[in-house]
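Take a look at the structures below.
In what comes next, chain A is part of two complexes: it sits with chain B in the first one and with chain C in the second one.
Let's turn to the complex of A and B:
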């Protein structure tokens, strides 16, 4: 290395060393610690020594039916997020951008409003809506004329994700809508104007101009939605009560939390919890990789 | 001039650095984990007591973090695992409240330090193998399976205090005709079924006050006919209309509000709820042990489930530092003083005090007097989650919710709990 290069390196490093140290301490250290922990039997609460146990925690996890239950639920959340939030957000952004309705600013605010509220508050609000004799039950009682009718979807593992999915869409659609709207505003308006003059209708403009133009943004939003879905804990935790409801709606982060923080019968619970969290990261990376691949497959045809 | 200026700056720097250190060194800081929130009596009273104590003892700072319910348990686990151990904390000695401290080897025996002139040691149960006292309980045993009765409503329907379960069943048609719930329970919370109802049913049906602890120790099985019959009692209660199947969607707040607004004849809750009942209904409320269940055995007739009451205790870290220990004990004496204990008794937070020569005030509400009567007359049985923890307890809690909502049979749940308990 030349003296000049060494000097440059020193200058660069002098600019970044504080940030790098903070990054290593806050991000890199917990990640490495979690990986190490998952291959050990260490219990930080108990202290003392530790042993290398290889893939024991991962093998235990793969034999646990709760893991597959939580994984299945997480995949439902991913499908709801990618297949629900993003298309709805895109449609809403398009409607607002093309001024297809009056009072666009009002609707934009309304859809984005949940982003200003605490997730826990939102979770509790939806929980109250679905509670015994709550607003949803009252509506059912009015329509069925059965005073004993109740909203019971939260009690059944096969239906619990209908209300939760609805809440997830309600909460996060506004976030993606704003991203799409910002990107639409960057578009050259003359393209759509020209298409309109050439006789293209709204659905043709949407499918032939808007979608290709926003393909990169859609991929970014999908990545955000996948990552958010897999680490999503707070909304589902707050929406469900301890016991049957939370068991039905258990996703990997809740499974990890219950294992590491509540299962005192398992002395290796922190190591087991670390293994679950590492698997969450692996699944996220895999799904994000698939999203990128799909993005690349569609990109050449868009450039033709 | 330059030297004088440098000297002055140095003086200021030294002063700024050391003066606070001096003043801080005079103040003993007790790092505390408190239980409550800003809206419940526990939290409000905690803040009031700490402020008054610090005013009277300017050399002591009670530096606290206050959390409630699941958030508290979560933070305890996180703090202990990260080595950020408090000096003083709200804790217990059973599986639910004591395990994290026991596992982290942070339990501290208070026996040597507790003020024997103030506390009646005969009222504080042994919490360890050598009679250790790991925390100072707020009161005597914590009754978890008490039944609250709105006496006025029951009388209005033409009934009196039930002696048997069948007496409650007789009230069902009249209650339903008036749109009233017979027995209200916060069944959306899985723990409520275990702690506040099943703990007493198991003891009654098996005739064994310690069935749960024996089953956890492997001396009994959760698949024993007595345990299955106990779970089946839940099915019977739903079938008889005593408990609504919709109870599994009723949370704690709704349960308290339903009962407090006169929408239910009875309420299932622990003794701690007595002080939180709407004043109007509280005056007409009687507190009792569950009446006799059909098929219950003699050994545990009239019993209620009870656990060692939780309270504040020093951790090993806090106890090993003389200054912190003395400051914390001084605070605890203030926290458990006669006026504060009387207040807790009046508001229903505790069953009975553990103070020496304590005179029970004559002007207590009826529900509080009932509580003292039940505590002193009824036999005590095991509280399930004081012994059963982890996946087995979770499976039991959600299993009872499944039974009530008709999604599982008692035998299925018993088998699942047994399997997980033996893992």
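Let's turn to the complex of A and C:
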């Protein structure tokens, strides 16, 4: 190696090494650690003794009714996010882009606001609003003229996801709306003008020009929504009170948290929790793969 | 798609379309603004008012010009708000008979030497009215009563300290994220060793898919084995590491678009690589630095799970964790809780409404990579 090369390599690494080391040690290494943990019976109650147990944790998981309950709830959150937030965001972005209303900039600011507020604090606010003695209950009492009426959706396992889904849509739609809007603004306006001159009406413009143009963005947003809702912890954690309510609305990250950090008698709590974390990552990779595939299948048909 | 088309046809063809658009956005506005306004004004209501009528406007804490107080004896449960070990001057202790009755939570320690004699000589269980007191005391009692919920939630929840913790986490981590991200981005995009750069870029880029939540258990075990749980350094290290992937991707994209002649001419002038980086590259990167800073500091400001698990004492808790644990501790004191919620949201709201154009652009630039 020439002296010049050695010097350049030295400069190259002197720029990289600190950041790279921190990254490798704190982001990359825990991924391997987590995989190792899930194949062990690591016991924190006995000073961290461990044996290799193969797929024991994953086998336990497949027999665990709580896991299926959390998985089902998590899928509800994914469906609400992909099927609720994204179409609504697209509609809102379209209305703003075509300037169908005045004061668009102001409305945009308001819809985007929740992105900047702490999810936990906003979750606590919604919990208070939806509480049995909260403002929602009072509102129902005023409208039904029944002084004992209460807002009980948060208490009933079959309805708990209505208020939570509502809060999820309120919280994250603004984010996708802004992304759609940014991509709409990048669009070449002359295509739409040409279409208008050729006599296309607004709905034709929407389905024949705007949807195909945004199909890539829709896929990206779906991926963000899937990844976000599978790892999403804060909003549901803050909206529910510990105990029955949170158990009813349990999602995988909360189940992981409760297993690993609250269930102190469980000797394999970290190993089992790591297995749950890994399954969350596997499921999100699978769903993201599927949505990519759907995007590839549908894209050509929309462009015909 | 057909349904959507029909709906849109309706939306556009008739002026009703505009009406529906307005209805959608105005109801969204109301759903957003009404809870926030309710939270703002309710934070000035006493507990009794909140229990009586959850929608009424605040009254008790403001109309305090002639509140009734009891004189009480010194008690262990009433902690003085002055330096009682060195300041031994006699004081009259009074407790509100109007707000939070019987809880010893609205108590004042009045210096007897500043009171008129007929008030100073009152005995425990005697009544005293605010307008019997001298003006300066009256004034203090008035505004302290108004801010009762805030004083209590900030003092009991330690929210000022936690607010500064949050600022330290967001500020220091963002500083290092920008520094390391730009240094790596510069080396990867403008130096030789392209093959190695592609490999390193791949390794770092993969980290974008991993969140703190998905590796929280190994992170916790690692930090505890290095005795870094419950320390600022440990939390900042984690935030910095998880911010690096995005910073590297954004900055290398930006820097690779800069002309090579910039760096060559600096090299001709005899600048060292580090001088070139800090004096030439850094200033040009201001826009991408702004984007990285906005996205990183916003994420860290609102992050919850890491501090919830790693920060076991008051010393390291951040504002969201502080507000959360405060609300689960004081479940009966509604007014204090709501005041804590305002403390948790108001700083972000002020910043958002003052700089919303830059912030929105930053978030978009940080999340949509082509």
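FYI, the second predicted complex is superposed on the first by the 277 of 304 C-alpha atoms of A that agree within 3 Å, B and C clash if a C-alpha of one lies under 4 Å from a C-alpha of the other, contacts with A are read in each partner's own complex, and residues count from 1 in each chain.
Here is the rule we go by: contacts are C-beta pairs under 8 Å (C-beta built on N, C-alpha and C of every residue); 3 or more make two chains touch, one makes a residue touch a chain.
It should be emphasised that the depicted structure is a prediction, and the values quoted were computed from it without experimental measurement.
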{"item": "Chain A as common anchor, with chain B and chain C clashing or fitting", "value": "clash"}
{"item": "Touched partner set for A:250, first chain B, second chain C, both or neither", "value": "neither"}
{"item": "Which superposed partner A:231 touches (first chain B, second chain C, both, neither)", "value": "second"}
{"item": "Touched partner set for A:46, first chain B, second chain C, both or neither", "value": "first"}
{"item": "Partner touching more residues of chain A, whether chain B or chain C", "value": "C"}
{"item": "Partner chain in contact with A:20 - chain B first, chain C second, else both or neither", "value": "second"}
{"item": "Touched partner set for A:261, first chain B, second chain C, both or neither", "value": "both"}
{"item": "Chain B versus chain C as contact partner of A:270, first or second or both or neither", "value": "both"}
{"item": "First (chain B), second (chain C), both or neither touched by A:207", "value": "second"}
{"item": "Contacts of A:184 with chain B and chain C, given as first, second, both or neither", "value": "neither"}
{"item": "Which of chain B and chain C A:167 touches, first, second, both or neither", "value": "neither"}
{"item": "Identified clashing stretch of chain C versus chain B [112-120, 256-264, 274-282 or 310-318]", "value": "310-318"}
{"item": "Intersection of chain A interface sets (partners chain B, chain C)", "value": "133-134, 242, 257, 260-261, 270"}
{"item": "In the complex with chain C, residue positions of chain A that touch it", "value": "8-9, 11-12, 15-16, 18-20, 22-31, 33-34, 37, 91-92, 95, 100-101, 107-122, 124-126, 128-129, 133-135, 138, 170, 175, 178-179, 182-183, 201-203, 206-207, 211, 217, 220, 224, 227, 231, 233-234, 237-238, 242, 253, 256-257, 260-261, 270, 273-274, 277, 280-281"}
{"item": "Footprint of chain A on chain B - complex, ascending", "value": "70, 73-74, 77-78, 80-83, 95, 99-100, 103-105, 179, 188-191, 193, 246-251, 254, 389-392, 394, 397-398, 401-402, 405, 407, 423"}
{"item": "Partner chain B, residues of chain A touching it in the complex", "value": "43-47, 127, 130-134, 137, 147-148, 150-152, 154-156, 241-245, 247, 257-258, 260-266, 270"}
{"item": "Chain A partner contacts - residues on chain C that touch it in the complex", "value": "1, 4-6, 8-9, 11-13, 17-18, 21-22, 24-25, 28-29, 31-33, 35, 38-39, 53-55, 180-181, 183-184, 186-188, 191-193, 196, 200, 203-204, 206-207, 209-211, 213-222, 237-238, 240-242, 244-245, 248, 273, 277, 298, 301-302, 304-305, 309, 319-321, 323-324, 327-328, 334, 337-338, 341, 344-345, 348-349, 351-353, 356, 359-360, 363-364, 367-368"}
